[in-house]
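Two complexes come next, and they have one chain in common, subunit A, joined by subunit B in the first and subunit C in the second.
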Partner chain A sequence: MTQQNQSVNYETITKPEGRHARPSGAAHRRRLDQNVRRTFLVVTLLPILLISIVTISLIVRSWPILSAYPLKDLFLGTIWRPDKGLFGFYPYIVATFWVTAVGVLLATPPCILVSIYLSEYAHLLTRTIAKPILDLLAAIPPVVYGVWGLVAIVPFVDKVLAPFSERWLSSVSIFKVNQPTGFGILAAGIVLAVMIAPLIISVMYEIFSTVPNDLRHASLAVGATQWQTIRTVVLPQVAPGIIAALVLGASRALGETIAVLIVVGNVPKVPTSIFDAAYPLPALIANNYGDMMSIPLYDSALLSAALVLLIVILIFNILSMLVIQRMLRRKWAS
Partner chain B sequence: MDAHIQVKNLNVYYSKQQALKNINIEIPKNQITVIMGPSGCGKTTLLKTFNRFLELTGGTQLTGEVLVDGQNIYDRDVDVTEVRKVVGLLAQRPSPLPMSIYDNVVYGMNIHRMKKDRKEYKAAVRHYLEIAGLWDEVHKRLHDPATSLSIGQQQRLCLARGLAVEPEIILGDEPTSALDPISSQNIESRLIELKKQYTTVIVTHTLRQAKRLADYVIYMYLGEVIEAGSAREVFNDPQHERTRAYLEGQI
Partner chain C sequence: MGFLKKKRWQRRHLVETFMKFIMRFSLVIVAGSLGLILWIVVVRGTPALSLDMVTKIPEGGYYMGKGGGILNAILGSLYLASGGTLLAMIFSVPIAMYLKTYLGDSKWGYYVRLSLDVLWGIPSIVYGAFGFTLMIALGLRASLLAGIIILALIELPIMTRAMDEVIRRMPIDLEHAALALGSTKFEVALRVVTRQMLPGITTAILLGFGRGIGDAASVLFTAGYTDRIPTSLMRPTASLPLAVFFQLGSPYPEVQQRGYAAALILTIIVLAVSLGSRWLSARLNKYTIK
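The block that comes next holds the complex of A and B.
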């Protein structure tokens, strides 16, 4: 409709004999309009170009090591001795997985509860106050979270959680306390959980708002309580979106570097318990890139770690975004 | 008159604006009451006070009383889910729950734990789908998703779902406005059949529908009840100038 109107306008403007012809400025204005539009297009496409450039240059730079060693030795090798030509990423990959998993698992229950409360129960006033505060949590710089982890969470793990676990859970191997410092996967997981919560909550909140009110009302109208309505009508509708929000949170956690490396202990050993210190991939890259670059293939090894990280995060992001976008579209369509 | 719902000194405000002004009416038992009036006159708002749906909209305030069977449903110790069990609602747009046809009918009964075993639920589903005039069309595909039904069938399913919790009162908020003429007629004839057992309150903006259905009529204008009375009286001999103008199509 508007498209049509515009084209009609163009015609009347460009035709010199047209009734509304403005011969002096019209052509110039049209050219300017087109140039502005092209500029915006280029700026908008820039991010796509950047992602491609980063990916391609990472592939090129990590090619030397990927072609020199079989992938099995790199990704399943457990020994990291670059000076001896041993580049086993396995401990780092496992550490990354553990830290992320603990972070997401800890964040999941509170995030689901908070987003249910905000979207289903809270008064408008509570909502308008709570939402910006949650978003503010996301604005705290990661290094601040890291320092907070160092002064608060590490001692908390050391003095409270570790003794508790030793007393009650020591028979379960993943809760075994092998090194009593407080630094380690659990501390990093707690810090990560707090860091990714605002993102997860705000996505989940959006997802809950995709459920049409008609459905809630249909359930309430036969005398269901609000909780019955949420459980039987709302939650089944939003389940895919909740999982997508968690995957998005996981992708954020996977890449988090500074806050994690401050509290995780940075010990390159395959962890067996959440109380173990570990050394995730981002910390490995951040701590070592730039040092000891004279060692052959060292630079290439670190960049291949970055490549792996980038690919995993991209996949996580794209998958969750696809689900979330689909659900949001459904909301706008209805 | 044997009143099923009594409204006393009811005022409703949306934030600062007054939507209902000092409403005092009675809704007769086991008849169809039609609330009519131009758009924005407060008919739907009035209807929503009968099953306490008004409080789902933020920023509303209510004073006065709505008595169902003599009990003020706005009393502090009244359980809102019990109110909505007794006062059912047929919404403007059919809203089947995202589950099977069978599960839609079972939904409310399940929530109130009204039946003992599967057999009883099955029998009840059949019973209410028959009442809603839907059984013949769906009995071979009870476990298909409810959204696979046509809009008209969906509205009859919603009727069955509402009746299954054994309400005494059925509210209808322009329940046929989203339907085609044949489906509308179908719903109308259901409502007429059901009025022996249920008190029915319908909001409508079509005068012809009001004339087809109404035993009792409430005419509203700008948040006030202008006239209320038996359909015969109001339609043939309106006492108020405004009602007359509306009936003659001037408003």
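The block that comes next holds the complex of A and C.
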């Protein structure tokens, strides 16, 4: 930014001469530069503006219901009957939380291990192969993940995991199999875990690469094994970044709609076990957009669900981004 | 003493070997799930895939298993994603240039990049809901235009960040050389940055297109669904992800089969775009100064 203040005053160098002289090259060029700078600045403010517009318009549209009912009735009410004027979000909020939590918990161990492996152990060849695989995994559209979930994961949960859990884990209430279809939180969690894995792995990999090699070498030189080095030297340095990457993954999982909608079962009940069917907020919005204008306050209720999602996701996103950016820009004393 | 030392040595090496094993195992799981997804989509999709699927629009009784295809959805998706990408291009190129030439690594540059990353994280269902409020405010109906606008919003942060990441690696010497010769910053942007940005722009276009064509939740609200091929921007339009989604929910097995086939078509398009961007950017990278 300091360079622009030092710019030379071009007009004093070349003055237009004669009555019909065109504006001098330098002055013209400088004016063009100024105009372009101003135009581009306006365009650049667009992203910041867009976040505010999205938030404000959702607040405005969901205001009718937020002012008509006490927040306690909306967010802790368990009955959802828009035709009777009952808008209880509680089962949907709990379902959203469960699905996201299962997805992130399932994704955490493999993601950490894979990113450690790629950054600390893997040969260059493995890395060059792994990168496009992760890119492709990230490029697959949600609805295709949904198809995969429907065809492969739901039967897998039904035929393999549910009997296993009934045999060995039936005494633990969150593993209890209450409905034997395979559709439910666990199936959605597995699909979500695979969906958010590429993002989490690539963020973690980047964070691992910021740790300077000198630290590793120092540890290896005094006789530590590679895993000891990772556990005692590398991991403590990047711990906040790992948590931030997982929070970022959670924010992605929270808003995932179509893939979850296909495999989660869509039963509006407060779930008590990971084998239960559930009905998360994004699925609620997507399934009911059609008749949203037919019942009073219905559209406002659904848009306030979108607002709740947006706010939670914005908080998760901004917090994790701040931590990640900090870790990536960290200056190491050398 | 020597005995103890030896035992300790063995245990930590055992741990090392074990950790390496489970890391490799995790990598195999992650890579394997990609293989599994592709395999399932191919196996389930090919039986119902036929020439009719990609060359015909749904005929009467299509949703009960009679003849026809999903040309409406394929073309609709191509229109939506191309329009969205084009619109997003118009805004993302200036933003990426401004970030590079005028903001650089300054504090404002950091804020703009952060806001782009935050926008990237907003899920498409929220964009869809926002699009819905926008349509009510503007009095628009579900249409190709509304779908294009929302997809452009979704693609904008992805494309801008993709360009930004590429152009950030441009050597600062190039910029300095041009400035030292008396160029204005705009001229640097136009004559130097643009050329260096070319691989970034192609990657960004294909990345944005891939994201746009696969997005279902936002299009559900804004573009609607129809069995016809859209003839104007104000008409609703079908899209591939929704074609998959609606047909999966059908009670007729034949229609479900076609849903799988539509998923296969969508996957092929997305993978071709993704691999194409990789290949193109590798080729174009040869012509930039590093």
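We take it that the second predicted complex is superposed on the first by the 308 of 334 C-alpha atoms of A that agree within 3 Å, B and C clash if a C-alpha of one lies under 4 Å from a C-alpha of the other, contacts with A are read in each partner's own complex, and residues count from 1 in each chain.
Everything below uses one rule, namely that contacts are C-beta pairs under 8 Å (C-beta built on N, C-alpha and C of every residue); 3 or more make two chains touch, one makes a residue touch a chain.
This is a predicted model, so every value here is computed, not measured.
Engineer: Check whether A:Q228 is in contact with subunit B, with subunit C, with both or with neither, and answer first, second, both or neither.
Structural biologist: It touches subunit B and subunit C both.
Engineer: For A:A218, select first, second, both or neither according to whether it touches subunit B, subunit C, the two together, or no partner.
Structural biologist: first
Engineer: So in the superposed three-chain picture, is A:Q237 touching just subunit B, just subunit C, both, or none of them (first/second/both/neither)?
Structural biologist: first
Engineer: Who contacts more of subunit A, subunit B or subunit C?
Structural biologist: The larger set of subunit A residues in touch belongs to C.
Engineer: Based on the superposed arrangement, let me know which partner A:P47 touches: subunit B (first), subunit C (second), both, or neither?
Structural biologist: second
Engineer: Overlap of the subunit B and subunit C footprints on subunit A, residue-wise?
Structural biologist: Comparing the two interfaces on subunit A, one with subunit B and one with subunit C, the shared residues are 225, 228.
Engineer: Okay, in this complex, where on subunit C does subunit A touch?
Structural biologist: Of all residues in subunit C, those touching subunit A are 12-13, 15-16, 19-20, 22-24, 26-27, 29-31, 33-34, 36-37, 40-41, 44, 91, 94-95, 97-99, 102-103, 106, 110-112, 114-119, 121-130, 132-134, 136-137, 153, 156-157, 160, 179, 184-187, 189, 210-211, 213-217, 220-221, 241, 244-245, 248, 259-260, 263, 266-267, 270-271, 273-275, 278.
Engineer: Taking the touch rule as given, give the residues of subunit B at its contact with subunit A in the complex, in rising order.
Structural biologist: Against subunit A, subunit B makes touches at 51, 53, 56, 58-59, 81-85, 88-89, 91, 93, 95-98, 107-108, 111-112, 158, 161-162, 164-165.
Engineer: Which bits of subunit A are touching subunit B when the two form their complex?
Structural biologist: Of all residues in subunit A, those touching subunit B are 123-124, 212, 214-215, 217-225, 228, 232-233, 236-237.
Engineer: Mind listing the subunit A positions that touch subunit C in their complex?
Structural biologist: Residues in contact with subunit C: 1, 3-4, 29-30, 32-33, 36-37, 39-41, 43-44, 46-48, 50-51, 54, 57-58, 60-61, 109-110, 113-114, 116-118, 121, 126, 130, 132-137, 139-148, 150-152, 194, 197, 201, 225-228, 248, 251-252, 254-258, 262, 282, 285-286, 289, 302-303, 306, 309-310, 313-314, 317-318, 321-322, 325.
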